[in-house]
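Look at the two complexes coming up: chain A is in both, with chain B in one and chain C in the other.
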Partner chain A sequence: MKGQHEKMWQGLGLDLGAHDALLEVLKKGYQDVYLAQKNRPEGMGYLDFVMSEVHGLRIKELIDEKAAGRKVIGSFCVFVPEEIVRAADATLVGLCTGADFVTEEVERFLPRNTCSLIKSAFGFKLGKACPYIEASDMIVGENTCDGKKKSYETLKDLVSGVYVMDIPQMKSQEGRALLKAEYFRFKEAVEKLADITIDADRLRKGIEIVNNKRKALHRLSSLRKANPVSVSGLDALLVNQVQFYDEPVRFTDSVNKICDELEVRTGKGEGVFPESTPRILLSGCPMAVPNWKLPWIIETAGAVIVGEESCVGERGVRNLTDSSGSTVDELMEAILDRYFKVDCAIFTPNPERLDHIVEMYDAYQADGVIHYSLQFCQPYLTESIPVEKALEARDIPTLRIETDYSLEDLGQLKTRVEAFVELIG
Partner chain B sequence: MRFAGIDIGSRTIKLVLLNDKRMVLNKRVDSGVDPMGRAKGILDGVAYDRIMATGYGRHLFELSFDSPVVTEIKAYAIGAAAIFPGVRTILDIGGQDSKAIAVNGEGRVTKFEMNDRCAAGTGKFLEIMANTLGYNLDEFGLDALRAAKDIRISNMCTVFAESEVTSLLAKGEDRQDIALGLHRSVVRRVAGMLKRVSVEEPIVFAGGVARNVSIRRLLEEILEKTIMVPENPQIVGAYGAALLARKKLS
Partner chain C sequence: MKGQHEKMWQGLGLDLGAHDALLEVLKKGYQDVYLAQKNRPEGMGYLDFVMSEVHGLRIKELIDEKAAGRKVIGSFCVFVPEEIVRAADATLVGLCTGADFVTEEVERFLPRNTCSLIKSAFGFKLGKACPYIEASDMIVGENTCDGKKKSYETLKDLVSGVYVMDIPQMKSQEGRALLKAEYFRFKEAVEKLADITIDADRLRKGIEIVNNKRKALHRLSSLRKANPVSVSGLDALLVNQVQFYDEPVRFTDSVNKICDELEVRTGKGEGVFPESTPRILLSGCPMAVPNWKLPWIIETAGAVIVGEESCVGERGVRNLTDSSGSTVDELMEAILDRYFKVDCAIFTPNPERLDHIVEMYDAYQADGVIHYSLQFCQPYLTESIPVEKALEARDIPTLRIETDYSLEDLGQLKTRVEAFVELIG
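Moving on to the complex of A and B:
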């Protein structure tokens, strides 16, 4: 994608040398992790193409949209309601993270013991290698964990257009009232940015677009319940990751096409791995492109991932938004209902998450749970201990992994994952 | 038939050869800078029908020798259960990692934990500290038992602990007292790991560090349990791998 997009990247202020180096690493990683897999569904070809143009054609589309007066809003979290963004004809994109980048530079702004996800996001900004953040007219920083909340204060000095959204920490009436106020405030901010008044029709349309995307992802998840499973966990994760970058309607169609193919495969009893392959449910922190380290270790250790209890996975898309309301207030209430159910570990207490892990373990016929936390991610790390105890009390084998984006613990992780696979196999 | 088990560790490579169930050979060499060359050397002239590899270098071996592999965790569980039937807890401290393994009565792993990326609480830590104090490894453990005084070493990081040791020496502390403090610090760490996994008896202690009597004695003290050490604690993994090579055939 290099030559043809250089001008565009220059226009966005990217550091072409650093960006080229990044794309090279990404391409190599994609080959080693994704293209090296066997029996991939043909429909994944679409995802291969999207990935090869994730900083190219997709950015061009966004630039074209901007030229036509539409806005781009960047986010780091599934609490930012895409329905509202779509209702204003704007596009919501996930901002770059998922790989270590110019870490020394980042540590001039953030403490060392900040999680990889936050450091990486800063790295992409400071290293001028994320076209999404450069193309964004608004960047929503949401007050979820302390690491993000405080780092947005610093981010404000580095980029323009940072909009901070407060997020409650308890599922109480007061918490709900806070989220409601914040979603209305966000709606106004989006309306002002896009110079569009969001009426009920617009909001309903936004809800429908996003719901359709979620329904396609539900269909994909559901197909993974079969044994043998017709798609690898790595590929399913990629689909979940790409939803944050791709044009939603086209993405939805493509996922549905993949599902059509998987249905045929499942009907014939075809799988990507043999029927006896141990099945893993992955639970914990979100994994952004190109953070494929742990899933890759798991699937090359002779197991298959059948579900992700994660924001980039089922936690992020579990519920649909009711689109039956006839007024803006009713539809906003439906949006609020939907997002207030998200069982992120920033909430205290957060019993729904454990229920969902157990539910998914059963539904996907998993043989064990691997709990993944990023080092220094207090909410998920703290929750991982009681979650592990509760799962083991139910005789669900659980492996707790704490890691980051670096590859220095690859050998240790491989041994632990392989031993876990031996244990459940 | 003859079955071989090879354990390619970070510090040493161990080989066990079984004639059916009976151990007919065991060998150990340093891993050096070219572990695959050393592995080839240790296998030189050894005839076997099947082999199974374990240890940190198992995947390299798998590539060069087209051998099946098993993790150290399972290999130690199988090996320890064959030597001590009914074992429930295994502690393995090797060159660069330590593992606590809970097994059911049949030697099947039910839970395990491993140290993360750092050398704290491993053989390498002890080796560096022994060096700093001017001991060879055997004297180091024995001399710690002669300590008259308890000195608490607070740094678990190998590099920081080394400077702590240097400053204690500069203060005129006796080296056997410092040696005891260092052993205690390793034991505190592995005891914590064991408690998270299992301390159910019988407990078997294996791996290179199990040769250190001081670690074993201090562990028994802190856990208030009896700890068993096999006659040749370093080959338990290779033995387990050889048994698995045999089992795979049957």
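Moving on to the complex of A and C:
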């Protein structure tokens, strides 16, 4: 996608040399991890195309939208309600992370012992390699973990348009009041940015667009319950990842087309892996493009991932927002209801998450759980220990992995995953 | 203190062997770090005695109080309002931390990459070596950092009486409402525990006891502004540490006696170190007994610590609580006002802290700032980078230290601190 987009990237202030090098690595990684897979659904061709143009045509679309007066809002977290953004005819995009970039430079701004996800986001900004952050009119930082919360103070000095959203730590009455106030404040900020007043019709339409996307993803998840499974975990993860970048209505249609194809496959008893393949539920931290390391290890170790208990997975999309309200207040309350259910490890206590892992383990006929934590991610790392104990008490085989975005531990991870797959096989 | 207290320790369920070994190490450390100092104020004899009986006579006092129907409440944080505890005739004590203990056992419950303070607290519980936690009727965990917040979920399984207090992350209207609700909930919990209704008189008396303690500590701080300085930073730190263990009225009297003596010294121009000694402001994470590593390195490297911008220091005690209110609601509001000013790094943003560091640097005639962060303490580590940059922009020499409770980095720290002292000397 290099030649045709160079001027656009230049206009966004990207470092063309560094960005080209990044795209090369991304392309090679995609080839090795994705295109090397066998029996992929034809519908994944759409995802291949989106990925090949994720810094190209998609950015051009955003810039065209901006030229037409629409706004782009960047985010790092599933607590930012896309319903409100869509209601103002604006577009919500995930910001770049998922790969190490100019780490030495990043460590001038953040502690070395910060998780890869945060360091990567800073690296893409400092290294001028993320067209999404450069195209954003507003960047929403949310006070989830300490690492993000404190790093946004520094991000504010590096990029304009940072808006901080506070998030509660307990699901108490006051926690709910705090989130409610923050969602109303966000609505006002979006209205001001887009110069649009969000009325009930707009908000309902926003909810419906986002719900339809979620419903398509639920359909995809549901199809993965079959054995043999008709789609790889890697491909399903990619669909979950691309939801943060692609135009939502087109994306929804494409996911539904993939599901149509998978339904036919399932009807014929066709799978991407043999019926005897050990089935893994992946649980833990979110995995952003191109962080495919652990899923790739799992699926090349003879297992298949059948579900992701993750923000980039069911934690992010499991609940719909009730669109039946007739006033802005009623619809905002419905949005609040929906997001307050998200069982992120930043909440204390967070018992719903364990329930959900067990529920998914049963529903997807999994044979074991691999819990994935990013190194230095205190909330998920700390929660992973009681989660592992609780799962093992229910005789659910569990493997706890702590890793980062580097490839240094590839060999060690492969050995551990292979041993686990053999154990549950 | 071994023989006479053995039965008491046994009664509390301590592991006598491990506890004896701990006391031996503590005694030796105290000798090397504290008793080896020259020109100590005579009044520090009281502190020496308190420290020699910190697991002995002081625990006996608590047990006697309990026998008389009073309650003991343990805490890990300066956000737990002692005013409310005193108003119910109960005693607030800091729980043991500050030294590595049964770390291998701890890492079965908490991630390896958890800060020393939290791991140590768990170590003292798991190793059955903290008489304070065993004597506590209620243990207050507060949702400050992710590490503590998530670890209390596990602590609840290890010890009874854990009460979790939510703390806001932003100093917003909703943040204040959350803290207010939490302080009222805490008051009710303490009333129920102590079987006492806290009226305005009780609350005012509680405020006065705690204010008097703070005023004595302010007096001590103020005396350290003189050059030469009449007390070592190590001794001043010890006073700040012991405030979390000792009976507050007696402690206040003892601190005032030390101050009387220091006033005489200062009047005569007498100091513990020569006038030319480089003066250091220590800023950052709290230091609990017996975590004296960095202060000891600084003061044996030819410098003197003249102030602590820390929870165990001015951040913890700088503000008084207004006791002029006539109703419980007014006094509770005053307590809220006071604690909402605490400039802990868990808040975002936290600009008051930088202001306060600069203010202390000037007031205490410091020559440089040493910023101390515990490894894996995301809030203080992240904040330390912009703090260092802001201080250096004002030509304030700054040294950023990241360490833990181990002695492994002693040599490296000594080298860095010595070079810094030479630079500012």
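A few comments on the model shown:
Here is the rule we go by: the second predicted complex is superposed on the first by the 425 of 425 C-alpha atoms of A that agree within 3 Å, B and C clash if a C-alpha of one lies under 4 Å from a C-alpha of the other, contacts with A are read in each partner's own complex, and residues count from 1 in each chain.
Methods note: a residue touches a chain if its C-beta (ideal position, glycine included) is under 8 Å from a C-beta of that chain, and two chains touch if they have at least 3 such contacts.
Note that the structure is predicted; figures quoted are calculated from it, not measured.
Shared-chain residue A:Ala419: touches chain B; no touch with chain C.
After superposition on the shared chain, chain A has more residues touched by C, the comparison being chain B against chain C.
When the shared chain is aligned, chain C comes close enough to touch A:Val164, but chain B does not. On chain A, the surface patch touched by chain B in one complex and by chain C in the other comprises residues 402. Chain contact summary for the complex, chain A toward chain B: residues 392, 402, 408-409, 411-412, 414-416, 418-419, 422-423. Those residues of chain B whose C-beta lies close enough to touch chain A in the complex are 56, 59, 70-74, 97, 108-112, 114, 116-117.
Of all the residues in chain C, the ones that touch chain A in their complex are 108-111, 113-114, 143, 145-147, 149-154, 157, 164, 166-170, 172-175, 177-178, 181-182, 345-346, 348-350, 373, 375-376, 378-379, 381-386, 402.
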